[in-house]
Amino acid sequence: AQSLTVGFSQIGSESGWRAAETTVTKQEAEKRGVTLKFADAQQKQENQIKAIRGFIAQGVDAILIAPVVATGWDAVLKEAKEENIPVILLDREIESPKDLYLTAVTSDQVFEGKVAGEWLAKDVGSKDCKVVELQGTTGSSPAINRKKGFEEGIKAASNIKIVRSQTGDFTRTKGKEVMESFIKAEGGGKDICAVYAHNDDMAVGAIQAIKEAGLKPGTDIKIVSIDAVPDIFQAMAKGEANATVELTPNMAGPAFDALEAYLKDKKEPPKWIQTESKLYTAADDPMKVYEAKKGLGY
Amino acid sequence: MTWFTRRLRRLAPQLVALAIILGIISLIAPGFLTVSVQNGRLYGSLIDILVRAAPVALLTVGMTLVIATRGIDLSIGAVIAICGAVAATLISDGYSLPVVIAVSLGVGIACGLWNGVLVAVLDIQPIIATLILMVAGRGIAQLITEGVILTFNDDTFAALGSGSLAGIPIPIYLWVGTALVIGLLMRRTALGFLIEATGINRRAASLAGVRARFLLFSAYAISGLCAAIAGMIVTADIRGADANNAGLWLELDAILAVVVGGTSLNGGRFSITASLIGALIIQSINTGILVSGFPPEFNLIIKAGIIIVVLTLQSPAIMTLFGFIKASRRSEKLNHGTKEATR
Amino acid sequence: MIHARNLPFVTTLAIFVIAYGLCVLQFPNMLSTRVIGNLLTDNAFLGIAAVGMTFVILSGGIDLSVGSVIAFTSVFVAVMVGSFGVHPLTAFLAALVISTLFGCLMGAMIRYLMIPPFVVTLAGMFLARGAAYLVSTQSVPITHEFIDTMLGFYIRFPGGGRLTLLAMVMLIVFVVGIIVASRTRFGANVYAIGGNIQSAELMGVPVGATTIRIYALSGFLSGLAGIVYTLYTSSGYSLATVGVELDAIAAVVIGGTLLTGGVGLVAGTFIGILLQGLIQTYIVFDGTLSSWWTKIVIGILLFVFIVLQRTIIWYSDRRLAVRQLKEV
Amino acid sequence: MSASHALLEARGIGKSFFGISALEDVDFTLERGEIHALLGENGAGKSTLIKILTGVYRRDRGTIYLEGSEVSPDDVAAAQALGIGTVYQEVNLLENLTVAENLFLGRQPRRFGMIDRRSMRDRSKALLARYGLDIDVDALLSSYSVAIRQIIAIARAVDLSGKVLVLDEPTASLDANEVKGLFTVLRQLREDGVGIVIITHFLDQVYEIADRVTVLRNGRLVGSRAISELPRLDLISMMLGRELQHITRDHQAEPETIDDRGAPSIQFQNYGKKGSVAPFDLDIRPGEVVGIAGLLGSGRSETAFLLFGIDRADSGTATIDGKDVSIASPEAAIANRFGFCPEERKTDGIVGDLSVADNIVLALQARRGWMRPISSAQKRELADSFIKSLDIRPADRERPIKFLSGGNQQKAILARWLVTEPRLLILDEPTRGIDIGAHAEILKMIERLCSEGMSLVVISSELEELTAVAHRVIVLSDRRHVAELSGRQLTTDGIIRAIAGTGETEAA
């Protein structure tokens, strides 16, 4: 079979995880001898739509999209369908009729939050615990879902309360700045028992803030976050972080498998291929994981 | 009128605004004004403001000069990213601190000179000339870090961001020091005066023998230099270069600070001190929002609200109303460029 | 002889044609009606906003609130239609009224408080974005048969390209904009104010009213752009269209309008839009650029266009000047 | 309208800027079909009064009646609606618009709500024809010279003035013929019953055209008389509040030949620039005043631009004291101790938002370079001494220069160059918009300067002025130096003949 041409519309490179996803996708494509047309949308939906239209105009064999937002894809997906170009969604689901895309390879963002919440509930046991939350970019779907999930996770435990919640825009700088002000606002941070960050970058920032305030992250204040980027494992190894929920950057692998199967013998994949959301704690030999991951261009 | 009272008169609106804002925040968030010493380091929200203000304050110094020349520099946010990336790369490649700092500053100045060429030589309108580097700059920064957050573990360099000297955080030294040096450079030499002349009427100034090009170059170069220092602080602060987010949209805050400081975007008379107070106002708002504990959805609208109030209160119109009851609004309007607030 | 005033426009047009030609040489597909159709549809909202921006810049001002106003409008409409089941047309109308009033307000502050446009509209940018968050932080999908019919309406070109309703709206806005700028007293006043506000006032131009109208117009068009964007993505999202104002400004300036005001053509902005669209299309077709090279290449192309434009204008300006002096 | 009332009447007008009074209790009456000259020194308040009558400034006190009924135009548009057309002192037109658009801004002819460009073009041509001006009305205003712009501004004002026409120093940059053309139009309007207010510093013109004069001094009304019963000297002392002593050089007494006047210290040999000025030779001796005469657009300013390095010469050489020098930029010129007072004060001269003092020291500071700042004490002292010696009013060195009256701004620019103690000072229309008092003072100063060994190049449209101060006059026509007059030949009609191309023109 002559090699496939696949268009990949990536959101951008706003975080380490995103960069890793891009690298992995390119590697996976190479492995399979797929020529990948990559388009970076600089965090703008309109750019993604333009890119997809561009792919259609070039007549690619299939399109991968990492949608920046859940809504607003119907029109362009219809066009793709009319040209019967299969479309696969990566790492985010969208609110469109299911017949408009082949399948979605995503984690369950709500579930990620839930895992984090449940871990914390188990970890603190019965004693009271004030949690401060570092949200992702206001309005972004991971921010919304991971907040929702975490709240579900701690619903059972009435002793755990979210006392403060601000956005850290998924960045270290803001994560650190916000954490600093949380510490000031919560009596020097003594009464904060845990930090829940919507991604590891913010957690890393928070850890530094806590250290500079003269407290011990990981013991005085527990750190639980999501993504499992290499740097958090270094922190974990130092005992400065407690838990992280993995969001695998390898969405493309399963996607390409499904695609090839589909193109070879019209085998409809399931509408949702869920990647696992594995919980890592200090128990899982952080340094090893770190070594394994740091090659992936995080 | 003595020099001092004139200065005070000039800075009054900004100082008052700052005081009021701090007051309001301390009402919402008790203990906001308390400053203590923890493990040999000044500690408290006010200190946070001074530290967190470092990047925007530094940018403001450069931006003030650029705006005084009737220009504007949108690229400094990106320059922060570039210089941060450069610094981080060099550090993780194990170069010595002086080398790292020197190179980063050099890169910043180079970026400024690039803008200077576009504006002064090719005569491209500043906003679009600097837009080019604003767009491309982040790309260049990511090219340097290869798209990842380039982390390093070098405590001496990290000290630039989070260290402290004699109990005072180092970033404060850096921005206050830079501001002092550049401020003196402007006012103890004739640079400031000549920049103002160029900004107000470039043709007339050059006909009087003022070397407008050189002045434009130096203004943009200084702007780049300040951005470089800010870039190192930001990078050192998080012990990593985040090419995508470092200094993102910071140029807007800087412009806002300059204007809140009462320097007109039409160029001419400028006051670095006033701009710095403007920067502190902006940062106080940001920090205040964080400690006040409102849900994040409100951040922007609160910020916008306060800024609008401040600007309105010190707008030429209102100033005239207070300052010169006699002055005729029409003559004001006619001489549109005039900046009562700055005199 | 080309009139000195139209020179930048002609220059830009020439540059666009050449650039497009080069692209086609490399990717023959880019000649397809589909690409052209996409160029118009995908940039419809940007184009509409850019028309408003053109008037603002012609008057020597600037409007940074555009992107946020678009976002606000889209969220507002989406919530009205999606959550409250208001009929789209009503929602559109309400949105336009709000955005226009918003523009008026900024115009009034600029004129009567004498705060520079850059700052007023910067504050406006924060305000509108903040307001959008208040309406809804989540992205809100719209489904309404009326909207579907609107989206369903398009003219097919041979070769799969289509001229969508959105594209038509943009084209209409441009035509109207061109006429208003060149054939009405309002347009003339805009140029006058941009040329020199004192002189304009001494020549009896109603500066106050005109200023307010200008920003009202920009607000209105931002609102319209917001509606188009809502249709385009059939949803509303408060994080959408960040930094679109800069794209609009770039388009206006590339189109040969001076940011100092008083000089430029609405038609030029149209070319500016197409040029930017072309750059993006080219990058997508190329498909090998990494995230960062994308940014760098966009920057480089911007630079090349602007420098090319400046040199051509500078050169022919000199030729014109010399000719005039000779004529004396 | 009852003819018993005056056309325009102002009672007890008062106005102050930032507490400094510019007008106090001024009355002014304009009759139908009258040409009324408004006179006074620089800074007397003439322009301010005009701006109040036409709704630019809001008056602090006083009332205005138009045809007996009280009016209060609160912007220019309102004044225009009342039938009051005005040309303000700083010619206010828009360089970025075409001539036609300038003429009809705000009142464009329309068809179906759209501007009707064709009829606008035709009407513009017709309008300018009255002033003997036949130009491409679709060309940008910026492509025409100061003089032409002035005429366009006048034409516009005349066209939209139904009842009252106000001209603030309209003839400042016009040559004799254009002035004549203007005056015929004014007389015509007077016949039609239009009331005309004209501000000028040329007394001949006052006596030629005006019916009445009103004189202001320091913002106060001195008096209002019929011109017929007011001898010239009385008028002058009314304006100045003192007598005036004139100076003229007696050329008869001067040596016939220029040779025995010491060697030239500054020489330009076949100096020129394509498309600007044809190559010319020019020698300037220490203490010599070289006048440059020519019609508007003859390239006088261009010559000045060349001498001062604003335009780069593409042919010829410049030598100073026998050494070749390159004058490729104003800096270079200034480094050679040249100075240049440009013709277009507003755009090329003043730095509006800076104080008078700053404007005065600007050139000196530029020459010293940014590293050697002028101490504020030094600045104060320099500024004050020149404010005093040039009698700049108000004598407030800290006031932004843009708030000074036109004439006083001109003096400040002159001061800017005098502080640099130049060896060659180029003055392009130095006395434009300067009152007779200051006019005489400036001519005196030119005298003194060259007696101190400074050389001057003076460009002027006022031939009397040239003959009064210049040792030699270069005559330009069509951008080439056609004649050089000195000694006996140096008379006004000598110059006129040379310009006309008749008369014995000898190459320098």
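For clarity, chains are labelled A, B, C and D in written order, and residue numbers in each chain start from 1.
Criterion: a residue touches a chain if its C-beta (ideal position, glycine included) is under 8 Å from a C-beta of that chain, and two chains touch if they have at least 3 such contacts.
Computed from a prediction, not measured in an experiment: that's the story for all the values here.
More inter-chain C-beta contacts link the pair A-C than the other of A-C and A-B.
We define each chain's centre as the mean of its Cα atoms; on that basis chain A and chain C are separated by 34 Å. Centres computed as Cα averages put chain A at a distance of 34 Å from chain B. Centre-to-centre separation of chain B and chain C, using mean CA positions: 29 Å. Averaging C-alpha coordinates per chain places the centre of chain A 72 Å away from that of chain D.
Residue positions of chain B with contacts to 2 or more other chains are 142, 147, 297, 299, 334-335.
Residues of chain D in contact with at least two other chains: 56. Touching of two or more other chains is recorded for residues 133, 137, 198, 201, 290-292, 294-295 of chain C. Here, these are the chain pairs in contact: A-B, A-C, B-C, B-D, C-D. Every residue of chain A that touches chain B in the complex is listed here, in rising order: 12-16, 19, 22, 135, 138, 164-167, 169, 171-174, 176-178, 180-182, 184-185, 188, 201, 204-205, 208, 212-214, 231, 297-298. Across the complex, chain A is touched by residues 27, 29-30, 32, 34-35, 38, 41-42, 45-46, 133, 137-141, 151, 160, 229, 232-235, 237-242, 277, 280-281, 283-285, 287-292, 294-295 of chain C.
Against chain C, in their complex, chain D makes its touches with residues 56, 75-77, 79-80, 86, 88, 92-98, 101-102, 105-106, 108, 110, 113-115, 138-140, 143, 156, 274-276, 297, 478-479. Remark: chain A residues 7, 10, 12-13, 19, 22, 36-40, 42-47, 49-51, 53-59, 69-75, 83, 95, 137-141, 144 touch chain C in the complex. On the chain C side of its complex with chain D, the touching residues are 3-5, 179, 182-185, 188-189, 191-192, 194-196, 198-206, 262-263, 320-322, 324-326, 328.
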